[in-house]
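By letter and in written order, the chains are A, B and C; residue numbering begins at 1 in each of them.
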Amino acid sequence: MSAERRVMKEPVYHGMPWEDAYGYAQAVKVGNTIYISGQLSHDDSGKLVGPATVDASGKVVDSSTMALQMQTTYENARRLLAKFGASLDNVVEEVIYVTDFEAAFAVAGKVRKAAYGTDRPVCASTILGTTRLAFPQQLVEISFTAVLPE
Amino acid sequence: MSAERRVMKEPVYHGMPWEDAYGYAQAVKVGNTIYISGQLSHDDSGKLVGPATVDASGKVVDSSTMALQMQTTYENARRLLAKFGASLDNVVEEVIYVTDFEAAFAVAGKVRKAAYGTDRPVCASTILGTTRLAFPQQLVEISFTAVLPE
Amino acid sequence: MSAERRVMKEPVYHGMPWEDAYGYAQAVKVGNTIYISGQLSHDDSGKLVGPATVDASGKVVDSSTMALQMQTTYENARRLLAKFGASLDNVVEEVIYVTDFEAAFAVAGKVRKAAYGTDRPVCASTILGTTRLAFPQQLVEISFTAVLPE
């Protein structure tokens, strides 16, 4: 590709080992749009926060940490947005992938309102069940699109 | 976040009770792009149109209303787009989530062409199976991205 | 919709029979953004490359062609992008849907780095398990958003 067709992309990272292993950015800003990779519930050291209990086959047997995982996931998205001088207020769309739909649906309204800091977040939202996410103990992953003022 | 970083977002709603409970907008316009939340088959009163038959455990046992659910889902997207003076002709991308893939694939071409009003809708489209959507009787959910002229 | 609200959309195709049957474009460019439909592992004649082995019920029993399917999927995305004078370097976001998560996760880093031609692709990426894709023998599908310079 010639230099003329290159587009200016600004990536940000959490500094997790899997960023190198998998080869991706946690978020990429191009123009005034920020594309955020599926976020999950981990701390600064890369340790899962509120891992679900799984049986020997890797099947989840206890989803009671769903709210904690969801909260931490939003917090990780907030930290990425802050690197661009933005916040969750800039989010225009989110897609929520969950391995236990009932557990997620039971807490999502409350967790989301607290994360966005308002009873009616102004963002489009889609939620669906998935068979599996990156870690067997992971219950939720959320991707986002955010927009900065021109 | 300072006022300077705020982005102008225009939300629209169907007026469904779950918009308040979950805390989201049915669609958000920012700049000339419209992000539409996963739409589903419901009427103005919030009642599912063509609910699937489920057994005691919530498992779908009859997906014969797939086409009706899909039609109604596109109609609900059309109603949201109309609030922005737009139509399904403005859609550039859709993602179709279905709980019964075979049933969906059997009718999707016909339903989609009728909804878009053309044999070759000019939109990118992705379809995939999901383990679960918001309502156990729900067979399909579709999210959209649409663009208005500058 | 009046002509005034119409948006200029440029579609591209692989020339596959299912484009007509389903009624969609493989990718649509609007403004400087390219929305790419879920790509899969097929050749120019529409034949699956590296089909998984499935049993009589359609269940996958051998996912050993995952890497080949993933490589071919990226190659098909590259071919679409080339029609716009772009390359995988223009990708800002991808969503990877897989029917065998462990098999996909085991090869995704290596395959992705080779496809993007760099150890650290500058794109947001989300991967999740799905119950089913278009073909029973299909293990992976990837949708993309790419951006051209203004």
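Miscellaneous remarks
As a convention for this text, a contact is a pair of C-beta atoms (placed from the backbone, for glycine too) under 8 Å apart; a residue touches a chain by one contact, two chains touch by 3 or more.
Please read all numbers here as calculations on a predicted model, not as lab measurements.
The rotation that brings the Cα trace of chain B onto that of chain C spans 120°, given to the nearest 5.
At the interface between chain A and chain B, two copies of one sequence, fewer than half of the residue numbers in use are shared by both copies. Put simply, the C-alpha centre of chain A and that of chain B have 22 angstrom between them. Within chain A, residues 95, 130-131 each touch two or more of the remaining chains. Contact residues of chain C toward chain B in the complex are 1, 4-9, 11, 19-28, 30-31, 33, 35-38, 95, 97, 130-134, 141, 143. Considering their complex, residues 32, 85-87, 89-90, 92-93, 95, 101, 105, 108-109, 112-113, 116, 118-131, 145, 147-150 of chain A touch chain B.
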